[in-house]
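Working notes, structure below.
Every chain is named by a letter (A, B, C, D, E and F) in the order it is written, and numbering of its residues begins at 1.
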């Protein structure tokens, strides 16, 4: 059979067509297909498959700004964690187990509750972490509708368990009604830095990125990107949309200015394909991960 | 303001615009909005709202065959059980609690796991029940992917707990691959009667109804209708579609021939609106409940 | 430019790519793009455009059963009647005006209220008509939610005005709840013949066609085809779907057995594209019109 | 049954789950489900139900900027006006009737023609009003395609009837082709202030809000928000989309700077769910109403 | 990491999660992702990926009728042929090349033109073949709109090249207008057997299967399944839908009665995911392949 | 029949309802319905029909900025070129043939490969052209996956053939990964000017327009607008979406500042309706063409 490079519509199923199954790779990709911690629309369990499929559009070539190719990082896609249907705590244990011992991990969610076991695994390796969180919600509730492990709670627990340092935590895109009182009463007093969506619309990417770099400093830092940070026009395929969010170009512009941040891992969560259209949400998610990976290459190159 | 009957696009939010909140009503409607026991596509948590909304098309008038109107039953819509996100066992406890003590209950799911607490509540009142189950799957597994309370398991537990009588249990529309070995090894040996989808296509409604009546006999009997008994063409909005299912007219034709059965309650489960189109699945679900209710009126009238 | 037959994706906008604007043509096509007489979901105003577009799939070739090509009838597409937004009575006047004086007319709706002015125009030419109506609803109400010209009323008025002969009227596919009492109290006493959807499922196309031919006899007869006669699986794109309807093959099988009927015109109504998917409803509508036209060619050929 | 707060997927059907039916409430919500005055795509009759359902996402908590909760206003949802299908004038009479005598009303449309009877009712109470109109179209035509009460005409009539003061009227987001000549010939000469969509993109929220406050002054003012003021990317579910509109964050940014305006009521119109995707248009509409209500609370608090 | 069986939403990307890349496997799966030979709607290039993804629902368990599991055949998924965009002839050469030398091949299309190179490869191994073709169209044109290798022509060329034996060829489901004259003038005179969709609706699965077995006899036979054999209600996601087609249960019922046929390979073509909804077309396609594979296991077992 | 202006839902099928078929018209519209040169999602063959249909919303009135009406240009819609399915080179020959000899041509694609024959025809008349290209991709590859005429290659060939002058070529919105290395290695060295999407977000419309005018100068210039220049939120209906693109208002703002440019023709390509929602992509495309035409009227008026 003549060897010809395949078209994008023939690409494989791993993220960026990466090799699979090597837990010793410099950077691993992992799916966390659970959505039973969601409070509104479900469906994020199909997020990892959709993001992987959408990544075929990003296969060939370098990042337009960084001029780098994530393939040079030595990626390995580990597939999906075998989560336990309808059991949040046990699923979290399996996610933490799967994430432990990896050098650098990008996780594809799944609902945002998966950030908790991921932070547990990362903090075991790195100690308390800085956090850059793109999100419409603070996710610092102590429970949602009675469920203390729901997708609105991971950062409450991460703070309680000392996995993240509140002084080195910054949340970007916050605008959900249910967070207003929470912010006033609890979050701000804990020392977190909050940039609302309106702050981003008003201040611009340069100012936001500068603030992020200032807050997280040089220490090890985790990126948690909830796709609902984007406006529903850019990310309809998610469970808890909030009007007035970021444009995708704003998120990308901020992200690519974060080269000084010492990222040690990330997650991209809350892509719910059943509510997506023409893959625009899945592609936005895949693009954010790809931007992050390209940024890591750029940093490695600089560091070399 | 002139008093004029509202159009169907203005109808209220309870099922068939029924009065709400009266647990002493002769027939109650209850939503069980959980989907964390599903094994494939999620979204059935939005089923109760979608079925209620679709029922506006069935508001005005009598059943075309029975000539009866469910409103005459004295319906009350009790709203939704406050299930606990991501906790199957606790959600089941709350559903059982909500279902206990009601005279006659029609439950709108939610995933099929809710049939277990509903049968527990019904069996407390009536003793072991006959079961008429429309479904693509037997749902008699002892676990799904490690979860023993998943939506493929309720009738295993119902049999184990003696809630249903296997000799008085009949399943209609079965065709899922994963059930083939199960049927051979376990289900049939327990004494259940299985009519595959192909059996229905071959035998016709008269023969199927006769077989149902023969199997369940005159004792108290429960109807569990999983919308995936219908073919995906008729019910795309569901989590575990299987090709080759029943046409909606076949299900209706069977159902309306079951006047001799002594039904004491029912559920309609697995409507997942995110995968629906133009409400056809939600409307199919609402129609099956409406057919059931119309049948009960007909029986009451005969009994009077 | 080389002259090459265009692909179906390049076809023109008239029905079957017919010539346009000739009111003296043997058979005319007319759009009646109104939907303000609908009681539930709107959108049928876009039906004529969608049906014309869908007809590109039927352009090339003969009818598989009749072996005829509608193009041989000498079609002319007259475009759409300039209806008056939100004014049913005036729109009806304009439709009747546009339909008057044509030799043989196929109208693309639009909601079913357009059948009334169309019957007025036809009865002026032919006297009282027989009626073959495919529909989920009898549409013989005297008003809907206070509106006496709504889409559920045309045949009430047609009967009152003597446009159709009740003894020569047959309705096929009836199954809507709101019609049950109406049927019992009014319709049947007027002498109409009703075949429910279940009657069709039970009796089959041969028996139904025979009954139609028997009822309408040799006199001039009008065909009114409401796309909701089909089950929502086959025609999701309509305003008032009812579960349990005809398969498209059943409708086609009946239709093609009606060669003995002396049809003098028809309408195809209630296609609402906003609720359609992948054009399946619009194509079903276009196919019914095409079947009808092919049948007329077959009759002309026989008559010649 | 254990009392547990319900999840957002179980919320009730009234706007923000408000109590229903009290016409003496400080602020009332009313649905006006008509779409027979639309000139292009229909479907806005389903807008009120969709906006109410979407409001479940805004239930819990305070406004992120104002720190207020609309529930404190004492809302009551009055349901939908029983409009008359296909009769604009009579429907307008019923809407005016339903709106008369209420203290402060937020109406969910329905097409934009409903603003006329709403302004009639409001002007009866307050005299000539200032008007802040978000819209892609001026809606000041004297007729559309022959219909003088169509959805492109309400403000022509409101001006003619003296319901609004042209000097205190400002329209924001205007960009429709059909308005260009109208603006040149008629509208501007009447003294209205027009800010095109491009003006908003160029000037920013601060400048726009300042201009609004300047134009409407301290007198009683009505807000009419046509969802097509937003770009189709943010509000696909509407009947007359125009490319180049406002981002949702722009509209929100303007709105929340209007605290000095003395609003006495509002409408949110032209949400057409059949063209929506993943509820993003309905949610945008619900959010604008919620922003407005939150603003009123903030003003009340300041006033206290 | 605890080893737990993954859920269906975590399944791999090969068909039925089969091992990949072994051309010596007893049965191979191959994707042929081209759609530039289509005459109407494009998009079948994404068919192979969609069918593989949909096959996750068929992973676990045996065939309900045959009691067999395709995994026991020793499947290998070879991925997709690297077709050449916009070049039919060269793409066909690559497909033939990829298909040559394999023991038994199931190909996932792609448009129906791929059947030609697949038959060339099969005939090299087996000599002239019998053909069982499910299709709405005969696909025996000598050109479509000037393109002699378009998707309506493969069987014309296969006949011309002697790849299939007309006396051992049977086409099932034929109903397209453009074929009527062709059938009359050409196809039937060549000796093919044609069963229209109406023939299937009238005769039933037993009679159809008997006729197939009679026509193709004991010689080596190829199955070509165009998904548009199914009605658009069951398979909206295809390029050239025709109203009045087979129900999925009819196709399955016929297929499973074909155990006596000596099949040596098959293709499943014309699934176009952009027009699909909730994966029902892709799942129907995957199910037909799975039925075919299960049938082969049953035959092997009988043969053993 | 009363003559009344038809509603937008009744408009004809030519672009802006223009007269048809006059190749001597001052400005012609032409469809180029091919998509077999696409590398990812197909479907652009349905672009011309969708853009024409969407143009009904732009029929009545003048451009809001220019105050002009394209109808005054003397448009004629020539319909679609009869392209040859699956044969890029021959289709290009037919497109070039159809475009040759026209005074001023606006072409509706179709995939971007059609720009090559269109530039060939234009350069025959005008000599080497300046080029203003809105696009996510440079489309200057020498081949895509082995196909040298694929939709990523037209401007490579146009440069090689001397149809466009690299010094007078500017590309706006570039952001695709696969172009990064290409830009570095080839494109920039050829002298093209590239403005990335980020450049547009940062610099604003005034600066971008000034740069365009500076680059292309006063010579004859061609506009090639690939709809994927817009962000997927604004243009989901396209084959190769890239996250982070232009808002529609940005593109419009740039375009309307280009009055000084001496445009001699344009194309609008890559609208793929199967991936569109609520026509927002088709309407965005139609609006860009309408903006361009309005701009030409404004220039003619100035020139007069």
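Quick note on the criterion: a contact is a pair of C-beta atoms (placed from the backbone, for glycine too) under 8 Å apart; a residue touches a chain by one contact, two chains touch by 3 or more.
All of these numbers come straight from a predicted model, not from anything done at the bench.
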Distance-maximising chain from chain B - centres being C-alpha averages: F
Centre-to-centre distance between chain D and chain C (centres being mean Cα positions), rounded to whole Å: 39
Centroid distance [mean C-alpha coordinates] between chain E and chain D, Å: 54
Intercentroid distance (Cα basis), chain E paired with chain C, Å: 36
Multi-partner residues of chain A (each touching 2 or more other chains): 4-7, 9, 39, 41, 45-46, 82, 84-85, 144-146, 231, 233, 247, 275, 277
Interchain contacts (touch definition) - all pairs: A-B, A-D, A-E, A-F, B-C, B-D, B-E, C-D, C-E, C-F, D-F, E-F
Residues of chain D defined as touching chain B within the complex: 1-7, 9-10, 12-13, 31, 33, 45-46, 48-49, 53, 79-85, 94, 97-98
Residues of chain B that touch chain C when the two form their complex: 4-9, 56-65, 67, 231, 233-234, 247-249, 252-253, 277-280, 283-284, 287, 290
Chain D-touching residues of chain C, taken from the complex the two chains share: 35-39, 41-43, 45-46, 82, 84-88, 144-147, 149-150, 272, 274-275
List of chain C residues in touch with chain B within their complex: 39-41, 144-146, 174-184, 196-198, 201, 231-233, 236-237, 240-245, 247, 275-277
